[in-house]
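Chain nomenclature is as follows: A, B and C, assigned in order of appearance, with residue numbering initiated at 1 for each chain independently.
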Amino acid sequence: MADLIIQTYQEILQTNGEIELIDLTNKVMNYLAESKITDGTVHISCPGSTSAVITTEFEPGVVKDTKDLLNKLIPKGIGYEHDKIDNNAHSHLRASFLGANQTIPIKENRLLLGTWQQIVFVELDVRPRTRTVIFQFMGIIK
Amino acid sequence: MADLIIQTYQEILQTNGEIELIDLTNKVMNYLAESKITDGTVHISCPGSTSAVITTEFEPGVVKDTKDLLNKLIPKGIGYEHDKIDNNAHSHLRASFLGANQTIPIKENRLLLGTWQQIVFVELDVRPRTRTVIFQFMGIIK
Amino acid sequence: MADLIIQTYQEILQTNGEIELIDLTNKVMNYLAESKITDGTVHISCPGSTSAVITTEFEPGVVKDTKDLLNKLIPKGIGYEHDKIDNNAHSHLRASFLGANQTIPIKENRLLLGTWQQIVFVELDVRPRTRTVIFQFMGIIK
């Protein structure tokens, strides 16, 4: 069998605060090409507890619907306990429900995603942030 | 140490449209036996943004309750923006909230799942679909 | 390249029933030091379908807000089908929505987490449970 390759890439994002969706798919594809891994996984994450990484169709309608749903299900500033020490309780709660990271399988140096499925970073904090997104590839070159 | 094994299996599912839960646990167990991996992980995913993979107790009551909850929290056709170009905005939103994939640890050639915990595919799209489910094993044979 | 290391650790938790959040971050850091892995991932899971593993800020306010949100979005005992054979339908539903496990990347023998981001076990079942939490490390020593 081939040797294991682990490659960790980082990318800085300047975000605009809540709620912003940023398509990461092309960045992941470029790093995948650079890594030359044919079989394995890529794990996409962002240190912090007020952002999320999801997969969805990155289309203006779905983006708007996602924002509206988060505002409806987990509203801002409705007497949260955490808001007594900060003003982003809803950001933390939304992040927990959406999930902080994603793992995507790789085969033949391609991401096994659907045509209408993108890897999307979600800024949930109340103010613009400088975010470091981590792309970690684990796999082999066949 | 042993060499890394990466095995990717695919399975076609013919689904009936929203909302359908399909138990994948036996398929995963069969592929695990075939792979002979003793220690590692299996990653279960499905390309696309209108389905999900979860773990839950696959029991008719929980299945019904899961459908009812999705219909209540993320209702169909309530003026979504994406519904202007398609009719499955709620399918995308439900998929983002449930999550597109799962990773399960393996030890001694066994899945580390609970007795009442199954790996379940969730069809969320509005029409029957032909789905390709990916089972990717990464690990070693001790 | 270095050889692959897979180390699986288990820890027993005695929980108090719904809803209890338990910070696992220090345990994960201690096992990471013991494993000596510099690059790779740790996967944290708990066999069973009435608990979850999330990342969040482990702060009393966020903990209270998380409990309140779960009670509001997925209330207990509102005529669930599964409650006819058991009394924890809401526990299963909350577990499916929060997610059963987490994968965290490792670099230079450090978890790539934010300062205010902890790895948190969530007991969702209605009674105290003895839980086995799995910490599975996959990676290399550079």
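As a convention for this text, a contact is a pair of C-beta atoms (placed from the backbone, for glycine too) under 8 Å apart; a residue touches a chain by one contact, two chains touch by 3 or more.
If you're wondering where the values come from, they're calculated on a predicted model, not measured in any experiment.
When the CA atoms of subunit A are superposed on those of subunit C, the rotation angle is 120 degrees to the nearest 5. Two copies of one chain, subunit B and subunit C, touch each other, and the residues they use overlap weakly: the shared fraction of interface numbers falls below half.
Inter-chain spacing, taken between the CA centroids of subunit B and subunit C, is 19 Å. Looking at subunit B, residues 3-4, 73, 97, 99, 103, 138 sit in touch with two or more other chains. Residues 3-6, 8, 43, 45, 47-49, 73-74, 80-85, 89, 92-93, 95-97, 99-101, 103, 134, 136, 138 of subunit B touch subunit A in their complex. Put simply, subunit A touches subunit B in their complex at residues 1-4, 39-41, 54-57, 59-62, 64-66, 68-69, 73, 97-99, 102-105, 107, 112-114, 116-118, 138-140.
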